[in-house]
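Next come two complexes built around chain A: one with chain B, the other with chain C.
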Partner chain A sequence: MSVLKLMPSALAGRKLATIGFLWLVLVLLAAVFAGVIAPFDPLELDPVNRLAEPGWPHLFGTDHFGRDTFSRALYGARMTVIIGVGSVVVALLSGGLIGMLSAYFTKLGHFLMRGVDVLMAFPALLMALVLITLLERSVANTIIVIGIVYATTTARILYGMTLKLKNEVFVDAAVCSGASHRSILFRHILPNLISPLLVQASFIFAFAQLQAAALDFLGLGLPPEVPSWGNMLSEERIYLTRAPWLLLYPGLLIILSVFSMNLVGDALRDNIDPRFKDDISGV
Partner chain B sequence: MLAYTAKRLLTLIPTLLAASALVFLFVHLIPGDPASILLGDTATAEEVAQLTREMGLDQPLWVQYFVWLGNVLQGDLGTSVFFKTPVLSVIAAGAETSILLACMTMVWIVLIGVPIGVLSATMHGKWVDQVTSGGAMLAASIPTFWLGLYLIFIFSVGLGWFPSSGFPSLSDDGGLANLRYLVLPSLTLAAPNAALIIRLVRASMLDVAREDHVRTARAKGLHPANVAIKHVFRNALIAVAAAFGFTFAALISEAVVTETVFSLPGIGRLVVQSILRRDYPVIQGVILVIVVLYMVINLLVDLAYARLDPRVSLK
Partner chain C sequence: MALLEVENLHIAVSVGGVLQPVVRGISFTVDDNETLGIVGESGCGKSMTSLAIMGLLEGTPVRITDGSIRYDGTELLQLSSKQRRAIMGNRMAMIFQEPMTSLNPVYRIGDQIIESLRQHKSISKKAARARAIELLDLVRIPNPSERVDSFPHQMSGGQRQRVMIAMALSCDPKLLIADEPTTALDVTVQKEVLELMSDLQERTGTAIIIISHDLGVIAETCDKVSVMYRGKIVEAGTTENLFERLAHPYTRGLLNSIPVVDHDVEWLEAIPGRVPTLGEELSGCAFHPRCPIATGLCIAKTPGDTYIAGNHAVKCHYADQVAS
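Right after this comes the complex of A and B.
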């Protein structure tokens, strides 16, 4: 089944997942058109109007520098999409390749998968913290760190799934007809893994948001000047008692987006090849 | 069983060695020269040269690794740059908080996760199940620090029921009553994990419910509640028990964020503060301790699992 047809059939009859999908579309639109929609510059300071309550013209109020929270939230959607997509790409490309090659070339696999085992001995957040210590705070480095953390689980999953497919008759047939290793891996095995990969991608996207927010909160994620939902929460936390709404909006935006992505992932999973269903787990 | 245990222990050793090498390399991967980083900006060239010799940094890397490993095996994890005390004692100081927090969190996870999971499974497909399953997924989608901040806002600032931060030792004034400092942090940490357990209890009970022995129990006319508890739940518990173990192992590092929110003097907060202070010997030591704990607990869980479930193949 093609990827385009996958989504409607997965969402059919699932109201909550459909709402989740629509929310994600909205986040994507906000991310793309943040520059057009945002009523204020997200970095513009207005000390006179600091900690303003939600209302007009500041829909979500203003933060302790007087910056417009609504505009910052829109630009935050941009960061959400960039971090999510970036982490998914890094995790699937590196982890996916390691997993597939390891399952296909058994000897190489022994070596590579032992390495994955060693990395998996590090709990996810701890590994992210270790890696971030070595790198500077930047958008790219946050993506790399979160991507590497989830590359290990992706490698494990893809390893298992490729092993299952490797013994199928159609692979034997491809070998007999003289297909090259590259052709067998990428033209015969990979197409069968696209839909489980899509499920894994949606779960990584969801987890990545929580990890990125946690890193921002600890002061080890995106640079402080970048308007991300995690940074907004991190910066405004000391104003919780004076301006509780400042933490409410970015928090709810994160929760809604992660929840939606999990719902969509769950719906997609129910539609994939039953052989692979138990290999991937989300929340 | 004995052979299996021995085999698992033997495979643990190379993984541990490799992980320790990674932790060791960590300090050497930091851009710049460790000696000058440790001494700070004000150090003279002679001081740097002297520390380089003292730390053995002029030796080949593999020699340094084995010297370091030898020290670690003797319980010497180095000296904290910030506290000027042995790293092991810095870590030990945070152990009480972290262990108590993890234990209290586990209590919540069991108390919340198991009953709701059982309810969800027995009401499979009904609205109760949909609400609890959806609620569990929603709970797992909440950033823990956000939940913690709002719990402080409501229950400490608003209602004044619990303290908002810190944790005096149980041996200080107040004794056991000091556990009230850990109520909100443990609830915060429990939320996403209880959500996972709810989903797991539900899934494994539904798996067991499809098995033949359950159908037989139903067919011979046992009360549905009896079937659900004695035949389904007890068997589902094996997988759930294993998950408890893995969750406990992960709690120590997951607590990083929660301990920071509630300013708890635990190992998790030590990790973050050491990173911000660039106290590399402590970072290295804490990571090593957490990773070793994590691996050992996971191994113990695997062994317990193999013992609990006779169907697990030991090959």
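Right after this comes the complex of A and C.
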């Protein structure tokens, strides 16, 4: 069961979710082809044209160094995708593994899940702040930090589901057929967890955007020279009254992307689990 | 030496740190080409016994406290889990009660059979698939070369149970344990599945243990019967001997509580009382509170085996009277 196969039926009859999905495709295209589409180098300084209003040739205007905001927004999309995918991979791999192993080997689970409980007791942003001060600011570290924050919830979810699955008769039947622990966990239990993992991935992707933007804004996320939507907000906030468009564009991009991701995630979840079917997300 | 020898098996479940006995010293043997039936009410320990043989008690609060289980002379209780895995599925296989949940919902049935085949035999995927189709044909799934790619939810309960049997038979096991194999199926399908099992036994010479609460199923399919009550085998013998002269009041009670189609009966006879709970201590014969012929002797003294006609053994002080 792949995401692509699921998408058409998940989006059928959901206009908002379909628009969200199309927006995400647009962001993905922008990320991939940023180098081709961008009219300017996102790092190129042009002090003469600083704080130019949106128009031609600077579609979104320029920032206080005269850098083209439109080009920076395109490269920001690239960062969005990298941070999102990276965080999802880190969170699902580490959290998923911890949750599954904890549920399967109960003694190990007592130990590991208490660790997860401790991590969950910290507010997510506070934990990210602590971790990022221990590590240095870089793209990879931002991904690791956000990944760890969302690994805890992933571990919880998979822990519960694996506990239920491991008592299913087909697992007993697998044990009876002489399957090893590894084969039971990864060949018999894991395939049953793909759908919830998929839904979890879509929400982590959305939350990772907010988390990354918040970290950038606090000056603790990506290094300041990296063009990202969060960094753009952070750098230009003092020009709010003189050049409000500098905050409007990255802010709008963040909001639209997170909202779209949530809509698509909702649609996926509703489609996979009929118990969640409601009218609100289906409008 | 029999294929499977269970001797003085004791199983207890740990409830709040206290071990409560579930199975209290049972012994039986099964040989090639033989079918043993184990009958009893819910909670008598029959399923625990089968789980103990298959090594499925690992990681549960249930412990084997004493006794031995020997397969082909090898003591199973002393094997490492790796050695045990080599035997399970390969030489011993099990069929479960719930055909609706005993197949993995996300895999095609063919892949599941191939998986269990390749666990023990080094054969190519292609050969394994051919064998899977052959097995499905053997268990009389119509159109096996197409059905091999079906998902479990596309099949009926009876078909799934047959797929389970095909899976269990994939490596030609010498011992097959069937825990209530037909309980979840309706009567006509039940008959087909039972016939299938005895057919396969004729062909392959597999030893079968059928665990059931249904005396009818047992009488029809088994060579030997063991009747369990509260963790003990209270009556055992060949099917022929046993059903000819039921010598334990409990077995009689079980048989009397089966409705007979061609008799017009107002009230169905039931065994009075209830199944004793786990922690309950009962002196003497555990069946005495429910037994219609119990006397002071039954409360005071635990009955040993009384032999009626050859190997027909009964744990009742009054076995001779009940039998006649």
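Heads up, the rule we're going with is that the second predicted complex is superposed on the first by the 269 of 283 C-alpha atoms of A that agree within 3 Å, B and C clash if a C-alpha of one lies under 4 Å from a C-alpha of the other, contacts with A are read in each partner's own complex, and residues count from 1 in each chain.
The definition used in the following text is that a contact is a pair of C-beta atoms (placed from the backbone, for glycine too) under 8 Å apart; a residue touches a chain by one contact, two chains touch by 3 or more.
Worth saying up front: this structure is predicted, and the values here are computed from it rather than measured.
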Ask   = chain B versus chain C on the shared chain A, clash or fit?
value = fit
Query = Who wins on chain A residues touched, chain B or chain C?
reply = B
Key: First (chain B), second (chain C), both or neither touched by A:Leu240   = first
Inquiry  = Contacts for A:Leu125 in the overlay, against chain B (first) and chain C (second): which applies, first, second, both or neither?
reply    = first
Query = Is A:Gly251 in contact with chain B, with chain C, with both, or with neither (first, second, both, neither)?
reply = first
Message = Taking the superposition on A as described, I'd like to know which of chain B and chain C A:Leu210 touches: first, second, both or neither.
response = first
Query = Where does A:Pro57 make contact in the superposed view: on chain B (first), on chain C (second), on both, or on neither?
reply = neither
Request  = Superposed on chain A, how close does chain B come to chain C by Cα atoms? Whole Å, please.
outcome  = 14
Note = Intersected contact list for chain A, partners chain B and chain C none
Key: Residues of chain A touching chain B in the complex   = 16, 114-115, 117-119, 121-126, 129-130, 132-134, 206, 210, 213-214, 217-220, 230, 233, 237, 240-241, 244, 247, 251, 254-255, 258-259, 262-263, 266, 283
Key: Contact set on chain C toward chain A in their complex   = 54-56, 59, 85-90, 92-94, 96-98, 101-107, 115-116, 119-120, 164, 167-168, 170
Ask   = Where on chain A does chain C make contact in their complex?
value = 1, 106, 168-170, 172-180, 183, 187-188, 191-192, 194
Request  = Using the touch rule from the top, collect the residues of chain B that touch chain A in their complex.
outcome  = 14-16, 18-19, 22, 26, 29-31, 134, 136-138, 140-146, 149-150, 152-153, 157, 195-196, 199, 249-250, 252-254, 256-257, 260, 271-272, 275-276, 283, 287, 290-291, 294-295
